[in-house]
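Same chain, two partners: subunit A is paired with subunit B first, then with subunit C.
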Partner chain A sequence: MADDGENSVDRPTDADGSKPEKMFTLKKWNAVAMWSWDVECDICAICRVQVMDSCLRCQADNKRDVLSRMDCVVVWGECNHSFHQCCMSLWVKQNNRCPLCQQEWSVQRMGK
Partner chain B sequence: MSAAKKYKPVDTTELHENSENIAACLKKAENENVSTATSPLSLGRSAFAAQNMNSSASTNGERLPNFSKLHGNEIRSSSTTSNLLNRMGAIHNSKPGDVKKIVIKNFKAKPILPDNYSEETYVKLEEAVIAIQLSKPIKYSLEELYQAVVNMCSHKMDAQLYAKLKELTEQHVKRNIKLKELTGGSMDKLVLLEKINNWWLSFCQQMIMIRSIFLYMDRTYVLQNSAIHSIWDMGLDLFRIHFAQNSVVQKRTVDGLLALIEKERQGSTVDRGLLKSLVRMLCDLQIYTLSFEEKFLDATNQLYKAESQRKMQELEVPEYLQHVNKRLSEENERLLHYLDSSTKHPLIYNVEKELLAEHLTTILQKGLDSLLEDNRLNDLTLLYGLLSRVKNGTSELCGNFNGYIKKKGRTIVIDPEKDKSMVQDLLDFKDKMDIIVRNCFDHNEKFTNSLREAFEFFINQRANKPAELIAKYVDMKLRSGNKGTTDEELEKTLDKIMVLFRFIHGKDVFEAFYKKDLAKRLLVGKSASVDSEKSMLSKLKQECGGGFTSKLEGMFKDMELSRDINTAFRGHALSNNRDVHNLDLCVSILTMGNWPTYPPTEVTMPPQFINPQQIFNKFYLEKHSGRKLQWQPTLGNCMLRAQFDAGPKELMVSLFQALVLLLFNDKPTLGYEEILAATSIEDGELRRTLQSLACGRARVITKTPKGRDIEDGDQFDFNNEFTNKLFRIKINQIQMKETNEEQKATEERVFQDRQYQIDAAIVRIMKMRKTLSHNLLITELFNQLTFPVKPADLKKRIESLIDRDYMERDKDNQNQYNYVA
Partner chain C sequence: MSLKPKIVEFVEVWPRLRCIAESVITLSKVERAVWNTSFSDVYTLCVAQPEPMADRLYSETKIFLESHVQEMLNKKVLAANDAANANSTTTTTATVGSKPDLLQRYYTTWMEYSQGIKYLHQLYIYLNQQHIKKQKITDTESFYGNLSSDAAEQMEIGELGLDIWRLYMVEYLATELVRHILEGIAADRASNGSLDSHRVQIINGVIHSFVEVQDYKKTGSLKLYQELFEAPMLEASGDYYTNEANKLLQRCNVSQYMQEVIKILEYESKRAQKFLHVSSLPKLRKQCEEKFINDRLGFIYSECNEMVSEERRQDLRNMYIVLKPIPDNLKSELIQTFLEHIKNEGLQTVAALKGENIHIAFVENMLKVHQKYQELIADVFENDSLFLSALDKACASVINRRPSERQPCRSAEFVAKYCDTLLKKSKTCEAEIDQKLTNNITIFKYIEDKDVYQKFYSRLLAKRLIHEQSQSMDAEEGMINRLKQACGYEFTNKLHRMFTDISVSTDLNNKFNNHLKDNNVDLGINLSIKVLQAGAWPLGSTQFITFAVPQEFEKSIKMFEDYYHKLFSGRKLTWLHHMCHGELKLSHLKKSYIVTMQTYQMAIMLLFETCDSLTCREIQNTLELSDETFQKHMQPMIESKLLSASSENLSGETRIELTFDYTNKRTKFKISSALQKDTPQEVEHTINSVDEDRKLFLQAAIVRIMKARKVLKHNALIQEVLSLSKVSFTPNIAMIKKCVESLIDKQYIERTANSGDEYSYMA
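The block that comes next holds the complex of A and B.
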């Protein structure tokens, strides 16, 4: 198109002076992303609350405190099953096996 | 004492006069002492007696016999005085200093009356009494008569004297009443009343006079014999007996009084003095209650019964109330002016009953609604004041008030046509009713509670919608661009909103919509004031507890954390990676679950987005292990620098708009299908995006063929001639109208959430209790759940949990559940 030709000729160069400026340049991006625990099952099998929420015990103890929700993290075992860290730490005192697959429990990683 | 002080040589005559004065004084003192207890007329009487004696002591040239000597034994004080006088002569004669003691001795001989003294005195007294009764002058001085009575009493003739006096009085009364009876029949009522009144007044005066003369008898004989009435009472008694016996006179008097009162009630002026005096007469005669009050109340009832029925027909309710008020104050005035105060209760009660209580329902049904509707505060105050006087008045009023609110409120809430103004209408309505309760209904707690109850009732008549609209209203208030309201005003509005919110049963519906709007405000940065947001949040927290707001608070927390992360990321990017430094990337990291759920969308993004995104991903997940990030292309926005013929501009656009515009860098003319393929934005969304760019206010691209709607096969060109006086231009997205479907979706989500909450609550309870009967479980659930729920729904959830092996029915008892670990 004629317009296009004209544009490319007339367009002033960028402040850097390196290349001709395009019609549109992206300057700023306000993006939005959601984070969630990277888990297979989003419900903790011990307290049966979604892992994204704090565990039942924490909800009961610190209902008011928003920060406590941040502290109630998720723990993954070697078996790749995940639970609330609070729930699991109580569980292993009774039985050091994964509640779901009965494998010996050992922590693979912790959410933070 | 005063006599002792005067102890010095004095002329005896002077002393004599002195002693008489002392006796008079003593008597006067005694008189006053006794009289205070006797009758209401005593003051007048004692004054009369004192005057009587003073005049006799000072003006009478002829010295009267000193009778105090005759009853020396009875009145000690006067006897000692006279004895003292006798001794004084002796003292005077003997040498001073010789005598140290004064010995006082009584007379040895008793004074004796002349033989015919009693007969003469009887005649004298009789003459005097008759003269008084006929209002003729008395031949004898009053002092003389008084002394005669004293003498008679001292010589034990008091009983006869009393009998004689009684007889004389009775005759007089009889004579008079006969006269009235004879002439009364033909007389005009008013004249008769006046006659009776005059007679009564003069009778009283006569009795006072007679009593004064016979005062000594009243004090000695009557007081010593408890069976005998005092002279005054005797007179009243006789008057009563004959007045009561003579039914013609009595009836005519009472009828006359009633007629007079009726006349006054009709609005004429009457002689209130006459009424008062006659009513006092009836009271004094103690026949007020018996012969007058009953008839009076009957007459009152009849009058007001007829009147109220007539007026209820004739008058509008407010005028009727005015009328009642007038009537009541008139009756009160009547009480004040001439009726006996004992009538107050029955009279006012009857008037209230006839004028108000009987018509309570009609008044309320006919008048209340329009009074409330028209906000007639004064009339409402009057209504409340009047109705609080009658039994059940306020509760009836309260009930009708409640009914009105429910009826009126329902019309505000129920009509979908009025949804736009519903919340404002509700606020206004609440304000209006509050003012009425506060100003007109005396801030009565019953009304306050009733108001609350009524609001709660009608607001929940329509499920969910009011909650949704209240949430939207708050959004409107908290969004920026809501100019013209100060922080204080906003705060006040929020407080009022909270009042409405309190009535809502389905608070979770409110939360869902509120959260959606809050998310929008936070992500687009459109919140008017952080303080107001926080204030609203704390209000909600106070109202519903931390559980309700924890996710909303989490949203604010996320925004804060995001700010920190972005700062950290910028530092990281600067030090490590040059690719991103010409793009200002700012990511809001939201905690899933805190925020509303957005439908996942996949779009194709050019490398200038993908690269920084990946760098950020890596950065973030290193910092927070165990997490995953899900990017939300629908929510982001971008700033583009655009180069037009007229000069450079900055465009504020959504991510989708940016994706579309950036395509024009490579190819200035694009077809719809090309754009669709390049961006893979969802079809409807893309059409709206293109519409906003090519058909909106700021047309940075042009469309061929022209037209409002984007069709398949349309061509788009970069609009080089774009001009705008602003440098920074925001290109609004075309909002998909929040369709019914979308609202349904939000509601659906709320219901879905409720199911989860019910499930969670059941499991929590069962886990704690292990074993629980059905009823107990249901009760506990009702306690825990914050939204309205039917038992049938709970049953379904229990069944579902049993199916999923969370719990089981007890084998022995079907009504019992066991928790399954």
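The block that comes next holds the complex of A and C.
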């Protein structure tokens, strides 16, 4: 079907010849993506552990259960600073301000 | 009969009583009635009015027993060889003819007397219990030795009788008796233990009489036996053993000698049971071992090297039996030789390895060595822990040996790759894989650089999971659990997280597909997406690789991202296109083909939908690919002949054309990519990153230790660091020192003022 040396190509058509089929069709795609918390700084300023890992406390407490680290999520304040939820919930008991900017702490959203 | 105390005349009662006592002690017949009368005679005397006559009864009885024993000695024991025996203690050779009889006579007399005295004790029970018990010092008192034991103290009649026997019979005959006994034992040895049983019984009885005669004593009841008999016996036996050992050396080689010694040990322990008191058995055995083994170690070891290197099992088994009882430090020569032997064999089997499958050969050869010697230790050395630890040491030293100072040890890498080979899709059945993985742990445990192993393992696991190359997820999980068991949670934490990511992703895909169905969306492609957790995967540098995603993918990506963000909040997704691949259907050729390729390659192919020829620059600019990425993905396309290039080198001006005369026997195939192969750079990168991790680990360890201890000497600190890091690797001291230095620079710790080799923690 391909004539050598010619630049024009016989585009294959559907059986009924009405609509030209695409030359290349995506059949399958195995994609890989990586998720991370959508944070400005990837280290929790309270426990100094990467927010992607569970906080120090959880690492110490939940050594056995791998899935439990899923519970150690991240929390964002209105100031857009983020910390481990576990770390922050302890922090606000002492001082209800963001440890980084000293603004009154209020939760903007919670990681899930 | 009345129990009331009454006035009695001692001289009336005593002769009667004495007469009965004599009958009792000689085991003559005593009528029941007479026995009863005598019994009450004892009572009457003890409670006599006005003064009890117990003391007098006691001393009269003592005199009676003394004369009785002396009479027995003279009439019964010494009777037959009267003349000769008078000076028997001085002349030893003159009495040869009558010797056996002395033992015999003593034995018979003793049997009679010891029985008789028991009965007499019963007869005097009132005296014993009422009169003498009161005087007796209590146990505690005797234990603490408060009371100096009074020589004149009264004993119970039974004890008194035994003591008199000792005094007048044993002491008098001792030397002679012992000499006879030793001759008896020597005769038994000479006849290979075929001394007639009656004789054995006599000797045994005589020996035990030395113990029984002192049996009543609370402490030191064996003293007489030990001084009188045991010491000379041990000495005589020792001489005999030395002599025998010398004889054996004359006619035997090492293996014969060991066989003989084992036999002799066995005979001697039987002989000891036959004759001696139990307390002597270990002493005699020790004497025997001393003379045959400890004193001859040099000889026994003389062929040790040959025996081990030729693995002469029978000899080694004998040698083990022979050496087992002696102290550990004397066995070390055998153990050391054995260790060296295993080490040599191990080194030989792994030294010459090379080629593609070096990791398989390495692990399997090491396993063979390990299994072989484990079996040998079980068979020959009774699984002795000393030998097992020699095996461990040998294996560890082979496995952790560095080919040279400069080169790193590659075992960790090999073992990890071996696991990879097993866990990848193959035709091997699951049970076999499982078995091999378990075996693999055996080798793994010897690896010192477990962190290196972990690095390699996690990278290979990541590849298997992402590219779906695992044979079975159960096997993967099983292996991770085995590692967890061996090294703990920290070690496998990330591996577990990777594993969970994959199973979570499978769920997610199902949900997403259902979601699409519910909303009547058809993306037209079979989409499968893995969402990995950042931080858990060893993806190397995940620096952003630019890529203009073709619009064919965009819809899928958008749909998925929307869905994902609805499901989770606060997360962002980064697409790792360099790890994605897919299937593209080609319809421009005679037949239609389905080709598996990388995402970038798919994107390149899609550009040719609208034209047949493009320059490299055009492609690169449209897709915003970096030079490196472009080259890496373009080259295999050209090699596959799906595309053709106008020049060999792909420069900006090179024209790429779609080939229309492409044919392939298969309608489904894959464009091989160099990506999945392990490049040397990757290996090096892995090793370097291990070094970085180690430094961090060491620094953290030092800070943790110092925080707890506040002040610590240099050496103590090093020791604690070593013990903390033992699980995953063995750091070199220089590295620890460097870490200490850098922590001093960072002001975590400081040197104390008064001492150069001491640090203190700075809060």
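Convention: the second predicted complex is superposed on the first by the 94 of 112 C-alpha atoms of A that agree within 3 Å, B and C clash if a C-alpha of one lies under 4 Å from a C-alpha of the other, contacts with A are read in each partner's own complex, and residues count from 1 in each chain.
The rule is simple: a contact is a pair of C-beta atoms (placed from the backbone, for glycine too) under 8 Å apart; a residue touches a chain by one contact, two chains touch by 3 or more.
Everything quoted here is computed from the prediction, not taken from an experiment.
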Is the arrangement of subunit B and subunit C around the shared subunit A a clash or a fit after superposition?
clash
Return first, second, both or neither, reflecting whether A:Trp76 touches subunit B, subunit C, both chains, or no partner chain.
both
Where does A:Asp53 make contact in the superposed view: on subunit B (first), on subunit C (second), on both, or on neither?
both
A:Met34 in the overlay: touching subunit B, subunit C, both, or neither? Say first, second, both or neither.
both
By the touch definition above, which subunit A residues appear in both interfaces, subunit B in one complex and subunit C in the other?
1, 4, 7, 11-12, 21-38, 50, 52-53, 63-64, 66-67, 69, 73-74, 76, 109-112
Subunit C contact footprint on subunit A (complex, rising order):
1-2, 4, 7, 9, 11-12, 21-38, 50, 52-53, 63-64, 66-67, 69, 73-74, 76, 109-112
As the complex stands, subunit C meets subunit A at residues 466, 468, 489, 493, 496-497, 500, 524-537, 539, 542, 552-553, 556-557, 560, 564, 568-577, 579-590, 594, 599, 602, 605-606, 608-609, 612-613, 660-661
The answer for subunit A against subunit B in the complex is residues 1, 3-4, 7, 10-12, 21-38, 48-50, 52-53, 56, 59, 63-67, 69-70, 73-74, 76, 109-112
So, in the complex, the side of subunit B touching subunit A is made of residues 523, 545-547, 550, 553-554, 557, 583-593, 595, 598, 608-609, 612-613, 616, 620, 624-632, 635-643, 645, 650-651, 655, 658, 661-662, 664-665, 668-669, 717-718, 720, 760, 763-764
